[in-house]
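Listed next: structures, encoded as structure tokens.
In what comes next, chain A is part of two complexes: it sits with chain B in the first one and with chain C in the second one.
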Partner chain A sequence: MKKILFFLLFIPSILYSGDIKIYEINGVEIWSGERVIDGIVVVKEGAKLIIKGGTKVYFKPFDTDGDEIGDGELYVEGEIYVYGEKDQPVIFTALADRVEPKMWKYVMVNHSRYAHIEYAIFEGAFSGLQVHFSKAKVRNSIFRNNIDGFRFSTANIDVCNCEMRENKYGIRYEERDSTGIIRYCNITGNEVGIFPVTKAEGKVIFSYNNVVQNEYNIRMGEDQKKDLDFSNNYYGFTNERGIRKTFYDRGRDKNLSTVKIRSFLKKKVTLGEDKCQ
Partner chain B sequence: MSVKKIFFTVLFVVLLIRISDACVGKTIYVGHLSGKGDEIVGNILARLITERTGTSVKLKKYNDTSSLLKAGTGGEVDIFVVDDRFIAETTGLKNRDEAKNIYNVNHNLIWLKAINEKEDFLAPVIRKDTLKKFPALPRLLEKLTGLINNTQIEELKTEVEKKGMKDTIKDFLKKKSLI
Partner chain C sequence: MKKLLFFLFFFLISESYGKEGKNLSGRVLLDNSPVGKGEVIAREIDKNEIFKTETDENGYYNITLKEGVYSVEAQKRIGNILYIGFSGKNPILLKEDTYAGIKLLPPSKMTRKKLSDSKTEIVLKILYNGKPVSSARAYLYLKEKDMKGMPFFYSEPTDKSGIIKIRNIIEGSYYIVVRKKKDHKPLGPISEGDLIGFFSQNPLNIKDGYRYTIEINMFQKIQDEITSPLDIQNVKKITGIALSESGEPVSGVYAFLYTKKEMGHERPISISRKTGDDGKFELLAPFTGKFYLGVRQFYGGTPVQGELYGLYDKTHDHHINVFDNITGIIIRVKKILR
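Entry: the complex of A and B
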């Protein structure tokens, strides 16, 4: 046992040679005002983090492992409740004059019982928000200027009235038995609007979204084997031919699977928090 | 603090690090020589892989062929591209098939289908363990077959001078409908 303990103690001392601070939340913690994260904050299993409207969470940009991705992160195994308000959003951003993608890592919800995100802004991250093996409700939030705006796998998600813009990938996911819905969102101005990387079977429904003016509105991943249905969204065109030009799928590469659209919206979807009832 | 408690705390930290790494994504390292043409080819591979698979790709530059081969053998890089000069310098051979076998047997490196079979021969070389982790890579890199030759690289060099590496490579791959 002592040998194993010594071994395990030694590993983190190598991986954390840059002295990344880990701050653990074990009970209930409430954040308001300004918070500067200069390491990793972990909301441990059974713990709860509540973030009040108007809170600014700043991640100090630092990169100890030299992977060109900031190491600051908020890692949630417990529960997180982000209660931003329309005129008092909660902002997750980098502590920098000019915010650019990858300055911090992510807000990661992993093996969490529940995450509730409302009126939040995520910017300057590798991934604004990642959800894995968890149930999450995301409302009225903005994901901008990240590599991945919103990313998930093996999750139960309910995303409504959000905006993903100016990211490399607006929404990137490996479905892997995820379920849920993404609706009434503006997915615009990204390099790729929606990127199903692999293992998607269409159990997560995308409907009533504006997926427009991305370099590609949808790109199928190299390992995404099954065709996927993305019907009932607005893609900026009133004819299927125009819409298909905005996809990178089997139409461009015979090795990829196909984006199916049995029906599509011809008018831009009106968004609003009232749509999410 | 009991030994048991310390054990589980440390275990948690270790798992956290591993999970964090996984969710930033696996990283593939593409090695290339320091010449501008080599850099362009390396960037083409890197961009293609990252765009199509979502995998993070990093480039590593080496000053000479033996250092790059050593990096491939040792696991510092996952993929690099060889040409006839590279093969001759690292094996002393002109025969590509013999060299291919030496790379496999002595260095655990697999030559993928040549991007260019002609006089300006180019072939991606991949580590065997990388191939196990990313089995779709050969099929993906095959898409470059016939698209890169010396003339093309010279044209791209001029483009890079004008608009930079990133945009040049992106435009090149887009024009070829590869991304």
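Entry: the complex of A and C
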């Protein structure tokens, strides 16, 4: 027995959607200790979920629709506050001895008034964290061993001092009228570091990040029509020619748009929570 | 045994006799003048078979076809302009010799203009005999074969100058049909005397950031539809109301029905008309099953910041099972990211 698990989901209503259990949170709920999610937890509009530092949220791997993606998810249309601490992070992971990508689906923040994520670790998911039509602040968090580390569209985001590593896509986004900034992050060891899929106009700024040692540091999506500026990041090279080799854009495929870098950092960025003030 | 063979022989002879060709004839005119060397095309409906013939110098044509249901059209290129016309009897059930006259119409004129933002707009001007047609509607279809069925979208009626504007259609290909029905109902069979027109370059490929201004000429149906254009039996109606967070009816929003959970990034299967002051909406589900229901302010594209938006909230993922007509749906809307 790997761990002693506390199964204290005092969630008011349990429903079923097909074979999947749906747990609805309608009021204010606080999580601590260890939680096992064996279905979908929905934080309904108007409700609030607070997760205390040190909480471990385990998603039981199950796949009812046979799409080879775990069906466990935390779906937030209300508000979510993840209050991890430096030495007591909140962990979202799979209930398995060996955690691999796609064992669970995602933490999805959709049409939410606000999401606050601090010192959290997301691993073993299809997408660690997805934010859509919502405002979210993400700090000091790690996204590792997922398909998408962090994914968003049509959102107001403020992401700082995070680490996206060993995912297929470190950050994958369809900007679609999003605004915000991603700064002081380590985006490293992914197949693709940053992946603007489509509809990006440069309203989300990436600056002062270390985007290094990804198979491609930036890959432009086939439907991304506009060139995008990713200046002021560190790409592991001190010359533009070297940096450009780490991009998959018009330089490699004339059907793609171009990654622009008016200026770039020649030294690795020092990270830290103090940078996010 | 001999009797049986005799019967079979007689039966086969009778069958082949009954299926011998029928004459389809008519005259093709342009501005009441005969069109010589015009091409007449008869498409056998649902069989993908096409038969062609040419008009004589007086505009007359004659073609022998097997019994069946046909759509008949004609075309003639004069200079750089390709004139196209459709029989007002379409679709024609050819069981006996039939006369079908065709009036050629100028092709649909279209201009495309870049907009300063990434929105889209279709401006349609509808004409009949060169004059604007009011109270006509435009119908958008995703597939050609659906053009007599449930439309993806239908517009408000045209104004007195024959114009209707359709805004923020999602990028993609659309088949455009315009109709003016005497009964003023947006859906239902086309009857004798109704006006109908097609965008002659169907389908229209819409790209974000452009305004398409299109002129479509209509012709008059001179015979009722043989078959109903809409399989009304399977269509289910969903009615409800859009309310603000404070419970007031919300005007100027559309209700949408999607087949996939990821609403907003795909094309809906059905769209209501804009709500009025009472906030009420009516959606038509083209078939029974599970749908995802929402309300939004703008038609087309991904919802944007500040847009009024709401989702059906009686299920965790906003789905609704539609097996019969549904009434009394309430959807609360709020502004995205505000």
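We take it that the second predicted complex is superposed on the first by the 259 of 277 C-alpha atoms of A that agree within 3 Å, B and C clash if a C-alpha of one lies under 4 Å from a C-alpha of the other, contacts with A are read in each partner's own complex, and residues count from 1 in each chain.
Criterion: a residue touches a chain if its C-beta (ideal position, glycine included) is under 8 Å from a C-beta of that chain, and two chains touch if they have at least 3 such contacts.
On a predicted model such as this, the values are computed, not experimentally measured, just so you know.
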Comparing the two partners chain B and chain C, which touches a greater set of residues in chain A: B
Touched partner set for A:T154, first chain B, second chain C, both or neither: second
Partner chain(s) touched by A:I22 [first = chain B, second = chain C, both, neither]: both
First (chain B), second (chain C), both or neither touched by A:I69: first
First, second, both or neither for A:N239, with chain B first and chain C second: neither
Touched partner set for A:V42, first chain B, second chain C, both or neither: both
Contacts of A:Q277 with chain B and chain C, given as first, second, both or neither: neither
First, second, both or neither for A:G221, with chain B first and chain C second: first
Touching partner for A:D253 - first (chain B), second (chain C), both, neither: first
Chain A positions touched by chain B in one structure and by chain C in the second: 15, 22, 40, 42, 75
Residue numbers on chain A that touch chain B, as the complex places them: 1-2, 4-5, 8-9, 11-12, 15, 22, 40, 42, 67-69, 73, 75, 105-106, 108, 110, 126-127, 130, 132, 151, 169, 172, 195, 197, 221-223, 248, 252-253, 255
Chain A-facing residues of chain C, complex: 264-265, 302-305, 309, 311, 313, 315-317, 336-337
Touch list for chain A against partner chain C, complex: 15, 17, 22, 24, 40, 42, 44-45, 75, 111, 133-135, 153-156, 174, 176-177, 179, 199
Chain B residues touching chain A - in the complex, by the definition given at the top: 3, 6-7, 10-11, 13-14, 16-17, 19-20, 23-24, 27, 52-54, 56, 58, 136, 139-140, 143, 177-179
